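Each of the next two complexes has chain A plus one other chain: chain B in the first, chain C in the second.
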Partner chain A sequence: MRVEEFLKEKNINIGDFIRVIKEEDGEEVIYEGYVMPPYELSPGDTLVLKLENGYNIGIALSKIRRVEVIERAKVKPEIHFEAFIEGKPHLPDVTIIGTGGTIASRIDYETGAVYPAFTAEELAKAVPEIFEIANIKPKLLFNIFSEDMKPKHWIKIAHEVAKSLNSGDSGVVVAHGTDTMGYTAAALSFMLRDLGKPVILVGAQRSSDRPSSDAAMNLICSVRMSTSDVAEVMVVMHGETGDTYCLAHRGTKVRKMHTSRRDAFRSINDVPIAKVWPNGKIEFLRDDYRRRSDSEVWVDDKLEEKVALVKVYPGISSEIIEFFIDKGYRGIVIEGTGLGHTPNDIIPSIQRATEEGIAVCMTSQCIYGRVNLNVYATGRRLLKAGVIPCEDMLPETAYVKLMWVLGHTQDLEEVRRMMLTNYAGEITPYTRFDTYLR
Partner chain B sequence: MMQMSDKFNYEELGLKVGLEIHRQLDTKKLFSPVPTKFSDEVDFTFQRRLRPTMSELGEVDPAALEEFKKGRVFIYEGNYQLTDLVYMDEEPPRGPDKEALEVALQIAYLLNAKPVDEVYYMRKIVIDGSNVSGFQRTAIIATDGKVETPWGTVGIPTICLEEDAARIIERKEKEVIYRLDRLGVPLVEISTTPDIHHPEQAKVVAKFIGDALRATRKVKRGLGTIRQDLNVSIKGGARIEIKGVQELDMIPLIIEREVERQLNLLKIRDELQRRGVRPEDIKEEFYDVTDVFTNTKSKIIARAIKKGGKVLAIKLPKFRGLIGREIQPGRRLGTEFADRARKYVPGIFHIDELPNYGITQEEVNEVIKRLGLGEEDAFVLVAAEEERAKNALREVIKRAKEAIIGVPEETRRALPDGNTEYMRPLPGKARMYPETDIPPIRIPDELKRKIKENLPELPQVKVEKYVREYKLDRSLAQTLVDDERDELFEELVQMGVKPSLAASILVVVLKGLRKEVPIENISDEHIKEAFSLYLEGKIAKEAFEEIFKEIARNPNKTARQIAEEKGLTLLSEDEVRKIIDEVIEQNIEVVKNKGMGAMGLIMGRVMAKVRGKADGKLVSQIVKKRLQEIVGGGV
Partner chain C sequence: MRVEEFLKEKNINIGDFIRVIKEEDGEEVIYEGYVMPPYELSPGDTLVLKLENGYNIGIALSKIRRVEVIERAKVKPEIHFEAFIEGKPHLPDVTIIGTGGTIASRIDYETGAVYPAFTAEELAKAVPEIFEIANIKPKLLFNIFSEDMKPKHWIKIAHEVAKSLNSGDSGVVVAHGTDTMGYTAAALSFMLRDLGKPVILVGAQRSSDRPSSDAAMNLICSVRMSTSDVAEVMVVMHGETGDTYCLAHRGTKVRKMHTSRRDAFRSINDVPIAKVWPNGKIEFLRDDYRRRSDSEVWVDDKLEEKVALVKVYPGISSEIIEFFIDKGYRGIVIEGTGLGHTPNDIIPSIQRATEEGIAVCMTSQCIYGRVNLNVYATGRRLLKAGVIPCEDMLPETAYVKLMWVLGHTQDLEEVRRMMLTNYAGEITPYTRFDTYLR
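Entry: the complex of A and B
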């Protein structure tokens, strides 16, 4: 029997305080505790109780002899938190747009439930520091996992950012799950035209319910950066494993390079824009960033969604390329090997793609470095087949950029020109020595 | 069960004691397969902060938040081999370690407890930095255990398997340094109900639990691997948590001393109430009496003044004679005041101990005059930088107010002499919530059965077995087991060593060396190697002592190396024969004259050359044979 049926049959509700008499090795064992909802990964044949000492345990349903309800679950009064708190006139305004993930949370130590906290009042309690930097206006746009983010969500975020900036905010912070934060950062970098203010994407690698979470410090540094002089889309996350400083990365050059570390986000083939400390100190690592201005931002949101990102590998079949051609895709970004190669036997399919007007762009799965298709015969063949070599662009950035470019033109010559034009720092003119593995 | 020697009538006093025993397991770390070894080699450090979390009502503990805002940071020292991203809180947990879980289940059955069907790990919030994540992962493995004692049954409500914390290396004002090697070592936590009503009973319970833990052979040994906490209270007193009791034998004394302390504090309370003082009569008024001590002979005060500090005094109405009253041998109410003030200053002065420490009667009289003290009133003095001095005196005032009410609830630290000192206030209720990164662990009935049917022998059973099967002397067998050498002993017997020899080397020889050399450097491997040399006939049993002594000093050397370096290896029979022939040759006249009567002389001369390098019995045999040959041939 599954626990749901068991509870129904015994007329027990989640949260009831009950006594369970269980038989173990021919002896009775008595437990008293609150009934917990079943855990996702539990096969469902156990009853989970929270004992009075705060611990949870699971009891096999098959061993339960009797249950007695001692006290029915109390209905918890809903707690109301203020959505806005009054600003201080001398502070700049900053909107924090919520898209998913939690930058702050509340823990119910009675039930063990963790609630996201996103109202101004909750944020003011959890991370009071940010309210000393700016008048914070939280705005929950949607609440999805970053792995579920789609191009339509990028567009929605872009419009919300533009609205906030054009209505007088000093900057905007976008709270975002970390998995696809790099993609969104690139998308905003291309879509937000004539940007005159900072746009910061921020997330956390350790959930905000824990005392060790990186969420608060990342948020503090983000709000600092959102009042700075840099009018670019940036990712602000921990700079090292310690809670010392954050790095502000250019939105088109940043990549999540580790599954779990706090300092997972790194600038690739480029130097971060700045180091930011929670106390407000900012150390610029370069001077070529776009400066704050009063230009009005607008959203260039035309995106071609029929674009694919394909990683080549030994033994890849040309069927994969053929599939995208047959399915009507308008662009393919290839993550080639080394300097930007594919096995020679799939080049005919690539050629077929370009002949059918599909843009094929080349990046490298080395991640670090610049593609160059002139060095080896295979590269030269790929060039002849019409492939566009994407310099030192990240594969993910090239993918987002190709969507945006194809949203504007499907003429391959024009696509090539645009792909090789630097719009948002996605291409560096030359490869600096100090940009590798740092 | 009352004993004649009892200092107090514990039944009448309503003594209640509960135990909490923590012991490290000798497995991998609980949530990552990192070895559980300790090292002072530091490969890297990093710095973190821990932010107090918000409750569902949106509350953040204001004291904790205040502490956080003061900017306290934690520095963690790591070794690449002995920690990993899990224990840097940079990667989600794995595990829990299967072996650790099985050992915990064994312990549960040995303590007559009932394992749960499904284990749920919880996060217990700890923000002192000792856990990098800000919480300790802990789970109940079993409930409802019990220990039978001559005084009655004591319950074991829970047996938990949790992570040990990081080792504290240094506590500075703004930062605390921890080392990560200990973080994550599996720890079995066993707590009893407060049903212990006699100090000796507590020892019996602790011993029983300790024996069950050791029976698994999977617990760590040595200093710091076991931590015994006591919860002690008497009627009218308070619950006191005593931490860091290292030795079993100290438990009854510590409890007795705590009872004594509480009784004396209650007497002081009664006297204060009889004198009619109330907590609100103690005022936070600081009297600056620095000028009284301008020419003081007290070095401490003079130094403080010279450094720009002040001498501040407070008035404790009706406390005269009580601050100096002894509450435990050598400890007074004044000591308790000083313990509390220690956070800010090294020490305090109070009227009951003065004049002394270079402070004169005149100075005391002047302070009494300045504060306008009546006959029953007391003062406490602190010499330090003004803010520190005030903070220290505030702590004294707080403790003095508590003295009027009774015994304050506290966490105290056990001292080597059986006394205790203040450590911190009792912790509040644990804040816990589920560790969602670790799926629930089902404990199948087959596993339970397997463990239950293969339980290891308890140490006492083992002692009996050694006496019966190996004919060991009872006290030798007992020491072998108490010293936790039983496992090694059995291995040696397995190797073919005579049980009596193995036991006497392990107990008599090794223990005898304890005062001379650090015997903890001698590993089981070393000992086994020495015994295999013995079994191969390479060393005599007389050589063990010398070899162990040298290993203790140079643990990197092998027993074989040492035996060779020190010339402790046995001579071959041929070599022995050669030496014997030489000696006979040199004394051939005596042999010819005395015949077999020369045996003693020849033996003596030969043994002087080969002692420790040849077995005496063998030498005697050969000498006898050679003499017979010569004497016989001569006739």
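Entry: the complex of A and C
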């Protein structure tokens, strides 16, 4: 039997989420996934399913015992977008800047892969709820995977955000791929000076045309947060795996901690700023956030791009440090072991780097906790070699910050002073006990 | 007043843990720490305290309002070690191999820094409880900081462990610095073949002569576990911050997740093997561990050292990949973003690497979760470039494993097969939901 006939007989459509009970070695095995159109090269008697883990499998029709439809393919409501854009005077204005990523992507039914595809307009159409919260102004800035985001993109986003905020927006939402969202959040935190309004980065762990997508709730909570009193750069993503609430994380303290879970984004060494519910309820988890004000934001976009992030490990060769020196790098952020250590045999190269005016900063690959180079002899030797200990800063945040600091000064004493100055909550003076593995 | 007189008057001794109530700008500020002897260069009217965070501070005597002794400096019981070594026939034999690290270190009261100092014998003397559990055979193999551990040290430890086990020990405990304990645990997991007995790595987050040290309980629980039924390489460290129980983690799935907390070691993407209490109670958290047997262990110590671990980040230059190619590296483990991605502009260099026969493996810097290169176009491009996706393996474990695999074959197809073969529990076929941030 051909797969087309099979689907017709069972009243199943392409895109439906179904359960297939299949015979394997005399036993029943269950697969659940989205019905894909047959590949060009797949045999005509094979049903192709896209599983929740992203893999496609082919199931021979002859082995299928039963099928059940779990959820029909979503049909998006037809909305006349222009009517919304007209604007409701009682609602605040919020610009949604599209940059690409899963929140604005779709499954390509030809290849089975996920591509960034929605324009910011299409994205807004897909989540009509946000039009009840604000006058949404969509703006597609570019459309790239977040793994391709570069410092030049951070700068473009920063200027677009500043333009929107200074033209009267209540806040700005930046739709961004999740892979490097933490890095971009840190970059905007340092570059947007005198910020008086909320800037929210949001993404999705599952693309927006899948029933299990987290895109809609994340976007709704983001727009809610963008009209709040918090004048900081934040990441707003699912707080739990269920569709309950989102967490608003400070942009310098947030990290993607899981490859695929909806609650992948976590605040590290710090508590999130707030819980946000889609209905607009906001529960603040701390009181020390920057308040909304009339101040005009400006972009301090000077970045030194010759900076490297290097994780050390047993057996690492000092030639890697030498390589960065010889290539003219101006800064190196090290992800050391434990309290911030490196093998002792690479310390001479680190000292050579600092002697040549290269800023070397220390963070920890433990991720949680704080570097302390005063406890052990190795740490003291690193201090003596001129290494700057970055307190409890995330390695990723220290990397972005060092680019920004070196954009302003290459004097090592001034670099040290700026690295240890708290510009955007990147250093927590005292670590709360209840921030570990949360 | 000189500090010596001050201490005498207050009946305080060097090494006591005290609370100092000090005046600062008209307010009372409290410091707690260990009384240090005055530095050679410190003013005679300054009391030097080592704080719990490792810092030393000097407090002018004139500013001190009150002092309270919280805990007296510990006096170690005098034990005639040789009497213990005689051996009790009803107890199992356990060798404790000393390699250095905090479990065997002390504060140097001259410089205030912590140095590795105890011999394995001194270590054993410090925790008399373990002599009630087993006939302890201490062996100081070397005495280095764990950040200086190299593949050659892993090999030496492996051979020493095998020698002890094959000479009749019930199990072996390896005292090891915590910085790179996870890497060594993974290395022993791959190198010790046909293991029939427990091999425990243990360390301490606080040095053993401090009242707050976790060394004693960790060591007691390690010796308990070394006489258990589990024939695997494990890390045994505090399960909570309190002195309640330890967790026994599988050597390939464990990571130091905090710079300083006693419960820093956590199993990633997997549940620990067991909870272990100092009194000998063991609660197994899983049933699928390797059981004790009579098999003779042997060391498969072929390691290829020309392997690099590279974390990618926005703005990383492909010249870093080119550098490893040109330097003759045989393998590169990438810590990609999200599901296992790199910027697209470095993929041509990755392809050049695989074309030149260099094994390139993908893990995720998210730490939790599993790489999946089938979901997005970037992942598919990386697969096409020949990248080996390492499932839910820790980056550190994948790095160690790739060294070991390349020690056996440099044929890329065979490397791929071996990297995806589960040798020591390094790949979890299905991730349990309750293993995230635990």
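Here is the rule we go by: the second predicted complex is superposed on the first by the 330 of 438 C-alpha atoms of A that agree within 3 Å, B and C clash if a C-alpha of one lies under 4 Å from a C-alpha of the other, contacts with A are read in each partner's own complex, and residues count from 1 in each chain.
Methods note: contacts are C-beta pairs under 8 Å (C-beta built on N, C-alpha and C of every residue); 3 or more make two chains touch, one makes a residue touch a chain.
Everything numeric in this text was worked out from a predicted model, so none of it was measured.
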Touching partner for A:Ser213 - first (chain B), second (chain C), both, neither: first
Touching partner for A:Ala60 - first (chain B), second (chain C), both, neither: first
First, second, both or neither for A:Arg438, with chain B first and chain C second: second
Comparing the two partners chain B and chain C, which touches a greater set of residues in chain A: C
Contacts of A:Arg261 with chain B and chain C, given as first, second, both or neither: both
Intersection of chain A interface sets (partners chain B, chain C): 53-56, 112-115, 259-261
Footprint of chain A on chain C - complex, ascending: 53-56, 111-115, 145-151, 154, 177-180, 183-184, 256-261, 263-264, 266, 305, 307-311, 313-316, 319-320, 323, 327, 335-345, 364, 366-372, 374-378, 380, 396, 399, 403, 436-438
In the complex, chain A residues that touch chain B: 24-25, 27, 29, 31, 39, 41-43, 46, 48, 51, 53-60, 63, 79, 81, 104-110, 112-115, 117, 121-122, 125-126, 205-206, 209-213, 216-217, 240-244, 259-262
For the chain B and chain A complex, residues of the former touching the latter: 46-60, 73, 85, 88-92, 114-120, 122-125, 127, 132-135, 138-140, 143-144, 158, 160, 429-434, 439-440, 442, 452
